[in-house]
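Below, chain A partners chain B and then partners chain C, in two separate complexes.
Moving on to the complex of A and B:
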């Protein structure tokens, strides 16, 4: 990486719900930003620039919502950029802020993530427009049916079963109960998951994320400036990669299969290289992945280099990714328990920072010093990856 | 900060470019690469500026990985004027994370309905219901500043199709240098509320870009204007501190280029005959509250 690194000073988030009818959109932003500034012990006047993460804006029903919300994050007078890479938006925004800092363009950057899907009368109508309008839109593929296709391929490719997916769901919902901000606070057994309503075979209701309203904010600065702060997480590595759009082009070639997202592997490899990680399974202490469906988390075990080809399910079978396993995944409950889409990647990034700062509360992984956060956009198409480290790592 | 611009390309704004969006973008990016003497294999990322609403699809960049050159590479998209994408591309290079990247932008309003989009920028609870024409906001803001009734001429800003691309590189001998990007700035003003001059964000963005470049307004030989349709050259020049006779407007002044305006103005600066220091400023939003600026040293 470059001469100086970026560091996280503070993280704030709102409670996530299907509809945060108790507050307006700017108030939702204010809730997260004020918590992040307090957590970072930073005044608004110390913020040099703002990166806003919100997408697609059709969900809010407001064109350029960052302007509407500007008083809620103190952006008047400051440089402001809005990042939009679909579901990966929050991860991309953190990456953009880190680059602005490491390049020396701005010293201290506030990253704000917002999503208010409840403003949309029919979120699926919005999602349908992400597809190619000439050849594919009329097929009415949606995110759930698209990921169901992935799950079907995973069953064939590496032996994914309903038991594997049920274990991941039950694990993540149990983790979410330790996180006071999580949207779904469910007491769910593996049997409950297997008996939940079928949405698109093989996906069931409890394999899938909710739609959440919510906001998150992160305060970042240079590692030099972070040296004298009471707490900070260092951004050790960053990666980002995009795959081709058409699912058919990703079904199979010599290097990969549709079952295992190769773009995540590319992004993670870049982040590991930056961070000097050569054996992620033994070096990472905790992982906050953006996995809105249970089957995707299992595929990510392999993409992230934590399991050999076709063997990601062994991390389920051995319980390695449980809170008491050797590499806990999404101790916050993750995307399956709360999914404010444009902000979700930033929540993963903030949660990873909390872990290595030892400030994750009841879902803290003991002794966590090196964490990975990811974000995903499109139908398994764009990925970001960030490695965060405790200050003395 | 110092990065180079190795190549550029633009499809000049027209009411209806008879190409699919993918073809428009591919034409811009491939010509920019050719102008730089590079191939897609020399590029490690694509930085885009585009609007979903203008493109008519949520996550419109999903289908464009081929034409934008982002497949198997870093991808970043902003929903601001394309000078913001240029800023993130420059940051990527200055941070040592890349040596050469594409910056691309587009707008295809022939596939959209501009008059339906801009009112969506109005705050939805109190203001949108008043059914103001977006242009009225500028008039109200100006009235709020001066304390006098102000009428903004209802000039027709023409929807257009446009695409542009730049190749931005590290300042190393391996790449040609059509120009050098030596300063970038941005500033944001109030949303709907009066309280400062309408051009205050433009002024702040320009001065911060010049400060970053270590240059003064007196060293600028050309001021290139992007967007800022309703404001006179004289007012902008005064706000930026540069003589009016140094301002350059594109011949398509009244074309709504959306987020593509800034990058197209940089392309215009590179295509000009003069070497020297060019300052590019863009202003967008309902009342020009979003401003970006770039200082380019033309080789």
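Moving on to the complex of A and C:
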């Protein structure tokens, strides 16, 4: 690991909504980027390179949206990379930017995330196109059915019940009400979750994220350049990993059971090692996990090494991941309340940075010094993990 | 106050997906009511559907072989909310490890009672055995077959 570290100087995000009909797509990007630059107190001229994150263009209906939006993020004349790892895209883009900085290639990098899911009427029809056209598309799988398949195994082998999922949903929706940018601002009880419409057994409407329009941007620089800044978050650890493509090849033994995603465990192990974390449960103060479905958050408790194998549900039963628990998960409400897919991983990263900078407002976890942000793409196939730390820790 | 408007658009792009000889053999075998997998000579894994390399050993795989017409449910859901292109709801989808295979393959499950879904019917629980049923008019698609419950649970 190099001595030089990357540091987050600022984060900007749009209000997330089903449809941001008030702005065109480049205007949506401009909103996030201008806020990030202002938050970082950085001029566009100080940006050395841009990493752009957007997931399936089938949502926007415009191929290569990074070219359409280039003026809106000040990319003209600058090195521009686009990153695409499905839903994990925003996390991968943050990771790429941090690596460009720690490698000494650029000093200051702008990361931009975009998704407009409202431009087409049926998101799940879009998601069908992410499946293998030879063996899987004809069975009409989509993200909801794919994650319902994960839940079926959690229920069979790891004690997951509707009660556990309802608790996670109610917790996350309650957290979202502290976050003025969150898309869904709902007063939801566990009973409401259990009575919500069934989509694909055992998933109900209130176990699932909405689809959101939105953009986010992060300004990162070297820890050296961030030294004299009034606020900065240090990127202490990074990891990413992908699993095999076919779901049917991922179900075979204890090491790969499809219920507890091993690729997130690989990504987290790398990030923890990078950050010198040996006991994540006691060392991490807050986690901004990319879990668009309630059951996934519980699976990730185990992937992230916060609960022993098969005992993720205990973090629900003890309330450990509530706002007042010992390891709060998604104080922002997370992607169950807002999911602008290609931007979502970057939102988790930015929210984790806000937490360790003590700037998360009404959803601030008191005294947070060490935060984890994750991102997830494909049907539980791509993962990223990033550890962010307050400056002096 | 201006009311923002929208301009309609559409992507309509037909594709012909190239599937290769292994997948072609798989679909031809479905016409003969056989299901093919492939076996890695190095690790012995039997992958269904077949592919011409083993991702564990990273070696070519040449041997196609037939697997059983019964298997065990590994992951399952019953879809209750329709989306564009979906069959009429409710319908069941499962990954099934066919006898003789080490991986599982996804398809529809028909013939289970899906009327009351407070919980999954026992016939659709993980670990339940199902059999392969072939349609009468194969089209060279994976949906030329589906699963039906056998009834006895492992």
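Simple rule for what comes next: the second predicted complex is superposed on the first by the 390 of 393 C-alpha atoms of A that agree within 3 Å, B and C clash if a C-alpha of one lies under 4 Å from a C-alpha of the other, contacts with A are read in each partner's own complex, and residues count from 1 in each chain.
Simple rule for what comes next: contacts are C-beta pairs under 8 Å (C-beta built on N, C-alpha and C of every residue); 3 or more make two chains touch, one makes a residue touch a chain.
All of these numbers come straight from a predicted model, not from anything done at the bench.
Colleague: In the overlaid three-chain picture, which partner chain does A:174 touch, first (chain B) or second (chain C), both, or neither?
Modeller: neither
Colleague: Among the partners chain B and chain C, which is in contact with a greater number of residues of chain A?
Modeller: More residues of chain A are touched by B.
Colleague: Now for A:102: first (chain B), second (chain C), both, or neither, which partner does it touch?
Modeller: So A:102 only meets chain B here.
Colleague: Given the touch rule stated above, what does A:133 touch, chain B (first), chain C (second), both, or neither?
Modeller: A:133: touches chain B and chain C.
Colleague: A:58 contacts which: chain B (first), chain C (second), both, neither?
Modeller: Both chain B and chain C are touched by A:58.
Colleague: Going by the contact rule set out at the top, does A:150 touch chain B (first), chain C (second), both, or neither?
Modeller: After superposing on A, A:150 lies in contact with chain C but is clear of chain B.
Colleague: After lining up the shared chain so the two structures overlap, which partner does A:198 touch, if you call chain B first and chain C second: first, second, both or neither?
Modeller: second
Colleague: First (chain B), second (chain C), both or neither: which does A:251 touch?
Modeller: second
Colleague: For chain A, which residues belong to both interfaces, chain B and chain C?
Modeller: Residues 58, 61, 133, 244 of chain A touch both chain B and chain C.
Colleague: Applying the document's contact rule, which stretches of chain A touch chain C when the two form their complex?
Modeller: 21-22, 58, 61, 121-122, 124-125, 128, 133-136, 138-142, 144-145, 148-153, 156-157, 197-201, 203, 244, 246-249, 251-252, 258
Colleague: Note which residues of chain A are touching chain B in the complex, please.
Modeller: Residue positions touching the partner: 1-3, 24, 49-50, 55-58, 61-64, 67-68, 70-71, 75-86, 92, 95-96, 99-100, 102-105, 126-127, 129-133, 238, 240-245, 263, 266, 377-378, 381-382.
Colleague: Residues of chain B touching chain A in their complex?
Modeller: Residue positions touching the partner: 1, 45, 51-53, 56-59, 61-66, 70-80, 84, 87-88, 90-97, 117-118, 120-121, 123-125, 184-191, 204-205, 208, 212, 285-286, 289-290.
Colleague: Using the touch definition from the top, list the residues of chain C that touch chain A in their complex.
Modeller: Residues 4, 6, 9, 11, 15, 17, 19, 23, 47-49, 55, 74-81, 83-87, 93, 95, 97, 102-108, 117, 120, 125-127, 141-143 of chain C touch chain A in their complex.
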